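Look for chain A in each of the two complexes below; its partner is chain B in the first and chain C in the second.
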Partner chain A sequence: MTLGWIGEALASAPVEHALIAGTEIAFLSGLVGAFVMLRGQSFAGHVLTDVGTTGGAGAYLVGMNGWFGFLSFGVLASVGMELAGGRTRGERDLATGVVLSLALGFGALFLYLDAQLAHANASMAVLFGSLFTLDPALVPWISLTAAACVVAMLLIWRPLALASVNPDLARVRGVPVRAISIAFMVVLAVAVETDALVAGSLLATALIVGPAATAARFTTSPLRAGLVGGLLGALLVAASVLLSYDSYTWLPQHTSWPVSFFVAAFTFFAYAIAAATHRVAFQRRAEVELP
Partner chain B sequence: MNPFVMFAFPFARHAFLAASFVAVAAGWIGFYVVLRGTAFAAHALPKIGFAGASGALLFGVNSLFGVSLYSAIAALGIGALAERDRRDVATALVLALGLGTGALFLSLGNLYAADAMSLLFGQVLGVSSSGVVETACVSAAAIALVVAFHRVLLFTTVAREAALVRGASNRTADWALLASLGLATSAMMPVVGALLSFSLLVGPALAARHLAHRPWQAIVQSIALSLVITWLSLFLSFALGWPVGFFVACLSALAYAAARAISRALGRKTQAGAA
Partner chain C sequence: MNPAISFRDLTVSYGSRTVFAHLTGEIRAGQFVGVLGPNGAGKSTLLKAIAGLVRPVAGAVEIDGKPVRRRNKAIGYVPQSVQLDEDVPLTGRDLVGLGLDGHRLGFPLPTKERREAIDAALAQVNALHLADRRIGRLSGGERQRLLIAQAVVSKPRVLLLDEPLNNLDLASTHQVVELVKRLAHEGQMAVLLVAHDVNPLIGRADEILYLANGRMAKGALDDVLRPEVLSGLYGYPVEVLRAGGRIIVAAGAMDGHAHAVSSASPEASVMLP
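Let's look at the complex of A and B:
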């Protein structure tokens, strides 16, 4: 098999934009994902993608920029979920569920009205978006946002790590736990909504949870998990973009397979392999500890 | 406009019947979902069912079969990957993989946006008479499963250590609930749509939890609320032409908010009486 098609792919402008934007948001997602793991907020991360979809559909409806809709709804919902949070994870998930249910309901209405007003394709773009149809003018803005989020994460890193692991100890040490949590949720919302806007809401869930969960199997340090997760995510996205470009020739009907399919499949199998190898070690230790 | 006009149409009668079966199943199973806090799985399985339905469209098989197969695989996958208390990561990744294959089916099949929309948001007015029978059977099977495991589901949640000592397995309870959710999903998909099945599963049961004090009382209240919400949503949707799911979501959230307010008011009164 010849690898000439990779060079051919790199020469194409949409592929280049997809690679740049995709790897940047993947790195950011992995970094943020380390704390999503630590704090057990996978559900919240996923809910933000659906809420953002509602915002995006609403923005199309009133003729505003889609990104604005995604971001405003996402940030509002993230702060709302943090303030409404319950004591246990189950309770917090149920409170999150009510927010999600309402958001989905309004999303259904907005998309229906969008379709009535003959933006039928808008709804598909909001739900499944594609890296290849990315507006080139957006690429610098995405880079800027990703960089700002990484800087914000590094600024709150130490107090956030302490507040996530042991909130009581953090309070004693004078860390404003509530404010730090809200700040993290806002960064999470911006990261998730940028993923969702660039590559569809489906990819956001995979990128936030997958690489970080895989990395968390091998290390207990959040910084290492974040960096490894970010790099792993960037690598998976780059491979997915190239494969998606090549897949055009795989089947006789010449339809390229979606990037999100490859990313979802890669992250799933990376985690499954990590989980299988980790589970053995865990059980061995548990046998010693349990009476 | 008089909403009862809708009963003059056979398709509306079918929709009404199918939606009622679905509402009973959702209210009943929702009780266990709320009890065990498995909101994420209840959200993920219908969405994965959507991917199964788009696969069924691509390969030209019965969509109920596609949805059931996909939700069953997903329920097994979540159960197998989940660690002790970290089901959420497994759920998120299985969800992403399921939706990823769904996106692949949609793009390979070159399906129209309208097909995807009706799968996601439901098309209650498109239920045939054989569809009603299918919905009734699948809903009944889903309910039978949670009823059979009722004691295990309650025991392992309320008194986890005691249940472990007595030999009741939390793992078995998890599997039973996931399987039941998968079945209920297949019944709900064609009627309420993938996204809004979740509202019907969580909203009425959450409201009932704030009102009731005993398990069976909560189950009955949850079913009653779910039926009322579904019927009202159908009427409103028929009258206004907006998607059913929108009304289901709003009415569920409203029921939850009202139940919380009522329980808070009652709680304050009893506290004052005790003092």
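Let's look at the complex of A and C:
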């Protein structure tokens, strides 16, 4: 087997754009994923993609770029969820659930109307990703957004960690806990909604949860888990983009397999390998008596 | 010398509901005070008011003679517990480090001083062996000790613990209370520990601050946990039962007769509005 196809793939502009945008957002997602684990917020990630789907589908309907639809709905939803967070957990989950149903209802309507009125590929792009059909003008904006979010995450890393594990101590020390939680939710929304371009809204959270969870099997500090998870995610996406490009020749009918399939498969295997090789001992040492 | 904590005429309300009113008291450095009272009496709210997290509608709190303020390194705060999944990448050392400089932006430089400060705090709670273990894989007592290390690593003058004994087994409960007592006495910290059961505090806490019905009684355990004192607080008859060195506070007279609600005992300072 020759690897000449990789050079050929790299020479193609859509592949280049897909690689740039995909790896950058995957890196951010891994970084964010470490905090999603620390804060136990993977449910929020799912909600954000679901709401983003509605925005993405709606954007195609009015002829806007899908990314803006995903992004605007996701960011609005993230701030809304965080502002509703002052109440008890049960109330908040109920409120989120009700709003989510409404959003999904509109999502269903928009996807249906997309298929009927706008172009037929729109719903496929929303659900399964549209990395190869990215508007080239969008690529610098995605890079800029991802870079800004990475810088923001690294900047608020420590106060966010303290606010996540001990919010009262964080408040005593002067950390603006509410503002920092909202900032994190907005970054999470940006990561998830841009992942939807890579892996589709159905699999967007795979890039948030998967690489970070894999990295967490063999790293113990949140920063290392975030950085390793980010690099792992970027690697997975790059491999997925190249394989998706090559898959055009795999079947006699000549059709590319979706990037999202490879992302999901790689994410799963990376986690399985890490889990198998870093099986964690569950022994508990006895409590040490105090003098 | 100023008391480490003093509050005067402290009144806190949520909306139209007054949690407590006109509380006045002092806690000296090195004093370990257990905060008791029924659910909803405002035990946690009192802690938050002292920490400056809840703004009182009247009265004032002073830490070391100065009005309490935000960005405070003089106060350590220990929550009920920290819930993390087993795989979450956060070690004991990470957790304690956040108590030292978690309020700063960016990343900590791995300096010798930082490492030594964290090690010292871990040693204070006998948790050096937990430094590199994940929080999610530790027992409740081990986690609670790490949270205490997180609170004391900045060498605070005041240590506030909000129901740290919840969800702990009996052995861990006694360990944590012994540890808190030792920290208060050796480290000359003023300590307030909120608990729902008085028994782990018997013979360990220097004083009891009992909150009920918006009022408080403060003094030595045997002076506060008396039927006439608690009945005065609650506003209805309360029995204090002692059996086998344990204490149970029960509502209502046990002999079928309503007990007269006496005035406060002279030994304990009961605040009646």
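Simple rule for what comes next: the second predicted complex is superposed on the first by the 252 of 291 C-alpha atoms of A that agree within 3 Å, B and C clash if a C-alpha of one lies under 4 Å from a C-alpha of the other, contacts with A are read in each partner's own complex, and residues count from 1 in each chain.
Note that in this section contacts are C-beta pairs under 8 Å (C-beta built on N, C-alpha and C of every residue); 3 or more make two chains touch, one makes a residue touch a chain.
Please read all numbers here as calculations on a predicted model, not as lab measurements.
After superposition on chain A, the partners chain B and chain C are accommodated together without colliding.
Here chain B and chain C are compared by how many residues of chain A each touches, and B touches more. In the overlay built on the shared chain, the residue A:46 is in contact with chain B alone; chain C does not reach it. In the superposed model, A:37 lies in contact with both chain B and chain C.
Contact with chain B, but none with chain C, is seen for A:96 once the two complexes are overlaid on the shared chain. Of the two partner chains placed around the shared chain by superposition, chain C is the only one that A:173 touches, whereas chain B remains out of contact.
Once chain A of one complex is fitted onto chain A of the other, the partner contacts of A:141 are absent, as it touches neither chain B nor chain C. In the superposed pair of complexes, A:250 makes contact with neither chain B nor chain C. Computed from Cα centres after superposition, the angle at chain A between chain B and chain C reads 80 degrees (steps of 10). By the touch criterion defined above, A:213 reaches both chain B and chain C.
When the two complexes are laid on top of each other via chain A, the two nearest Cα atoms from chain B and chain C are 6 angstrom apart. When the two complexes are superposed on chain A, the residues of chain A that touch both chain B and chain C are 37, 40, 213. Partner chain A is touched in their complex by these residues of chain B: 34, 36-40, 42-43, 81, 83, 85-86, 88-89, 91-97, 99-101, 103-104, 106-108, 110, 113-114, 116-117, 120-121, 193, 195-196, 198-199, 202-203, 206, 242-243, 245-250, 252-253, 256. Per the touch definition, chain C reaches chain A in the complex via residues 48, 51-53, 70-73, 75-79, 82-91, 94-95, 98-99, 101-108, 126, 129, 132, 134-135, 137, 139, 141-142, 147, 150-151, 162, 171-172, 175, 178-179, 182. Contact residues of chain A toward chain B in the complex are 37, 40, 42-43, 45-46, 50, 88-91, 93-94, 96-98, 100-102, 104-109, 111-112, 115, 120-121, 123-124, 127-128, 200, 202, 205-206, 209-210, 213, 251, 253, 255-258, 260-265, 267-268, 271-272, 275, 279. Taken in their complex, chain A has these residues touching chain C: 34, 37-38, 40, 154-159, 161-162, 165-175, 213, 215-217, 219-225, 280, 282, 284-285, 287-290.
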